[in-house]
Amino acid sequence: MSVNTARVLTCIQCGKCTGSCPESGKTPFNVRMIMRKKQFGRAVEEAIPWYCTSCGACTLRCPRDVKPSEVIIDLRSALVEDGQVPNSIQKALENTFVQKNPWGRSRAKRGEWSEKLDIEIPHVSETQSKRLLLTCCIQAYDPRCMVIPANVARILRKGGLEFGVLGEEEACCGNEIRRIGETGLFEELMEENIATFREYGVREIIALSPHCMNTLRKEYGNLGIKVSHYSESVAAMISQGVLKPEGSYDKKVIYHDPCFLGKQNGVFDEPRSILKAVPGLEMLEFSRSRETSLCCEGGGGRMFYEAEGTYERNSVVRVNEAIERGADVLATSCPFCVMTLEDPATEKGLAVKEVSEILMEVLG
Amino acid sequence: MNILVFTKRVPATQEEEIRVIDDGKKVDLSKVPFKLNDWDNYAVEEAVRIAEKAGGSVAAVSMGDAESDEVLRRAIAMGASDGFLIEAATERQDPNGRATLALNFLRKQALPFDAIFTGVQAEDDQFGSMGGILAAKLGLPFASMVIGIDTFEKDHVIVRRELEGGLQERVKVSLPCVLAIQSGINEPRYVSIMGIRKASKVERKVFKAADFQEGAENMIEVERWTYPPTRGGATMIQGDADNICKELLGILKEKGVFQ
Amino acid sequence: MSHALIIAEVRRGQFEERNLDSIGFCSLLGKQAVLLAPAGEYAIGEKSVDTVVRVAAEESLFLNPLNMITIIGKEFETRGKPDVIVFTSSSSGSELAAYTAGHFNLPIITDVSGLDKERSIFYKSYYSDKIFGEFRPAAGGPFVVTVRSGSFKEHAVEKPAAAGVETMEGLAFAGGRAFMEYVEEEKGEIDITKADFLLSVGRGIGSKDEIPAYEALAEGLKAVISGSRPVIDKQWLPKARQVGTSGKTVKPKVYLAMAISGAFQHIAGMKDSDCIIAVNKNAEAPIFQHAHYGIVGDANKLRDKLREILKG
């Protein structure tokens, strides 16, 4: 009996999971029901597991440590081993296998963002600190998101923090791959990345995406490497007075907690303290913020899969509330949230910014 | 139905910038990842489905370097029961050479088959000829651009060939035969990494290409590798609405999608 | 005297336009052109080749590779072997060429898109069309080529005299493969991945009410409608029409993107299209970085103008 199967037996069907789930009610996805079916060894319909966004709310709130998120990953795993994967997810997996990123972009070009920068960034092996700045696949290839590593690199440089990159030796962290249930591929990515870290004696990793931070911190085993999100380093620099924002950013900014940074890893205050340090910025909060932040529906493989049927996307709900509260800018600290929120936001004339983009505007 | 499928390990060149080096003598593939030829993926999937339905088995054959074992393992993970590697250190840039190598192997090993599948073409050399040449040398009936296999009986198959403009033709082909399978004939199953690992337990028989070289010399040669004429960034179409429309329709005509 | 043997592609009574590339190829090489053509009522340019051989086999027999080797074998007996045998680079042309090369043990170079007569080399695409190989047969003797559509037809010039006409009769074909019937594309559930020409609409068209006019334009252009994710999310088009990472990946001959900004997830679904034409009000829209042709302007207005022109 697998660990997950044993845990499912302790489920008391309280329904807190379904109550927290961002997909509940509007889609056929019902976490409590899935746990019930697993208790009785009943089959779960093939399409169902793919709705999960991996926000982790169910696991966090379960009073019995059933870890429904993991049960869902197990269900997906079984489908993956059977070859029963939605086409678009299949493509993302196959791309990751060949090019080490789900977008299928050339691995050889993964480091190009750092080569085109106005500052010179060394390979991590050439640094004293062996501090690695790790990019998310989407930040390495998408022009819109490429500004994030570019900005953070400049900000860290201004703050005098030494760091290096891996360029094309970096492979996808595998966070989404693991959540999609392709355990074998996740293991391969993890092994390759760990071997690379060891080869260069990496001692610290600053992740540019909460997804990467999550898996490196919690799923890569005991690396003996400190893993943090860039907002933690930057917030520290600001509080130490090493970075001094100047000028003015006279906007009302509402902050959206990304699931993988906030509820899953407890990093709520650092991005906020960065925003609060920006002169002229007025911070607003969503009704659902911090631990109860509403998942943007970008995670869990949802970047690569859209279920049939229409229902109001959480990103639209978030944008509407932001506008209702009078926000000029919707800020967040995760590239997936940026991508998912920007679509509906642009339509309604609301700007979406990653925290580093805002900070960059007020650093000389 | 016993089906032999030829599978090729090819460089994944779609996303890469490919450079010519050594004054045009070589193409630099050192940084390019490799994978199973897309068309062969469809061919293996189709063969496995037929074997699952009608009974029989699928064997995958690959002609290439030692790394080509990867594509055999993949085929086995998809449902093939055997894998044969004809190992050669250097790649042949000639469909005749490859077909003759295959022909000699098939004759010497006397592998039984009802049908041989290949992909319509290989992503790297784009010749699209190996299957047809092999069929002719074996004296077997052949059909390429197979977009659907409608029926398979003991002595014949009925297939649909993809023509141009959405048109297809239905043809009856006697068995044994050679079919070149077109992409889109099916939706290949996903093969997980764990599945490929499990496939490693099935023995893949390795042969040396040198043992099958009779008459397999290259019949064509490459003088030099070079670049096709380049196009710059987006060509902006300017002018007033009438002019823009005219130019646009002109482009559509040139591309053959509009009369 | 040296000559080239051209295998004509005649389909449903039509002498296909791509035969002109075969003819042009021979002109460029400076060879006498002998055209083998099937029986049937159809027009070949009277002065396009030197000799036309009307083979006593109707087109479906003619296009069967198992029969073609008998036909070519007889031609070799009659006139001797040519310097080169030229096929079109189409579904049938490629099939016939490979089988012919295999049967007669001839070198074959496919998808030839150019040649350098002085250096006796033929240009062939390699590695996802990113590299050209300069190929030639390794030894003397006849060889087989297929020529890429559109590459040589401007060299198909009129000859001074009309072609001599011959016939080929008394052919006995072996069995093994038989044509049954043509099958037209089913007009069922649409599969945008199979379309040659996609007219794709983005959020920028404004509202669902604009869709019918785009559908009418698509019909006029014989294009298939598709859309980016926001359009599908809003239910302006059904899910089957979605292009992008969470929809379908397409590689049509032409992708006409109307009012699509070019978000990363959308680009990933269409960037390998042969020809991308982008229309967007915003000159900075990312889609222009991936397009072959760009038009800065109002997509709806352009749509209306095109419809006007098509009607008139």
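Chains: A, B and C, in written order; residue numbering restarts at 1 for each.
To be clear about the criterion, a residue touches a chain if its C-beta (ideal position, glycine included) is under 8 Å from a C-beta of that chain, and two chains touch if they have at least 3 such contacts.
Remember, predicted model here, so these are calculated numbers, not experimental data.
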| Measuring centre to centre with C-alpha atoms, which chain is farthest from subunit A? | C
| request: State which chain is most central when centres are taken as means of Cα atoms. | output: B
| field | Centre-of-Cα separation between subunit C and subunit B, whole angstrom | value | 19
| field | Centre-to-centre distance between subunit C and subunit A (centres being mean Cα positions), rounded to whole Å | value | 45
| Which integer distance in Å separates the CA centroid of subunit A from that of subunit B? | 38
| request: Would you give the residues of subunit C that are in contact with at least 2 other chains, written as numbers and ranges? | output: 289
| Using the touch rule from the top of the page, what residues of subunit A touch 2 or more other chains? | 87, 104
| Multi-chain contact residues (two or more partners), subunit B | 14, 16-17
| said: Residue numbers of subunit C touching subunit B in their complex, please. | reply: 11, 65-66, 69, 90-92, 94-95, 97-103, 105-111, 113, 119, 121, 123-139, 143, 149-150, 175-185, 193-194, 196-197, 221-223, 253-254, 272, 274-275, 277-278, 288-297, 301-302, 305-306, 309
| note | Interface with subunit C, subunit B side, in the complex: residues 11, 13-14, 16-18, 20, 27, 93-96, 99, 123-137, 140-145, 158, 160-174, 177, 180, 184, 217-228, 231, 233-237, 241-242, 244-246, 248-249, 251-252, 254-258
| For the subunit C and subunit A complex, residues of the former touching the latter | 203, 229-230, 232-233, 235, 239, 242, 245-249, 263-265, 268, 286, 289
| query | Where on subunit B does subunit A make contact in their complex? | reply | 12, 14-17, 31-33, 35, 187, 189-197
| message | Quick check: in the complex, which residue numbers of subunit A touch subunit C? | response | 87-88, 91-92, 103-104, 138, 141-145, 302-306, 308, 310, 313, 339, 343-344, 347
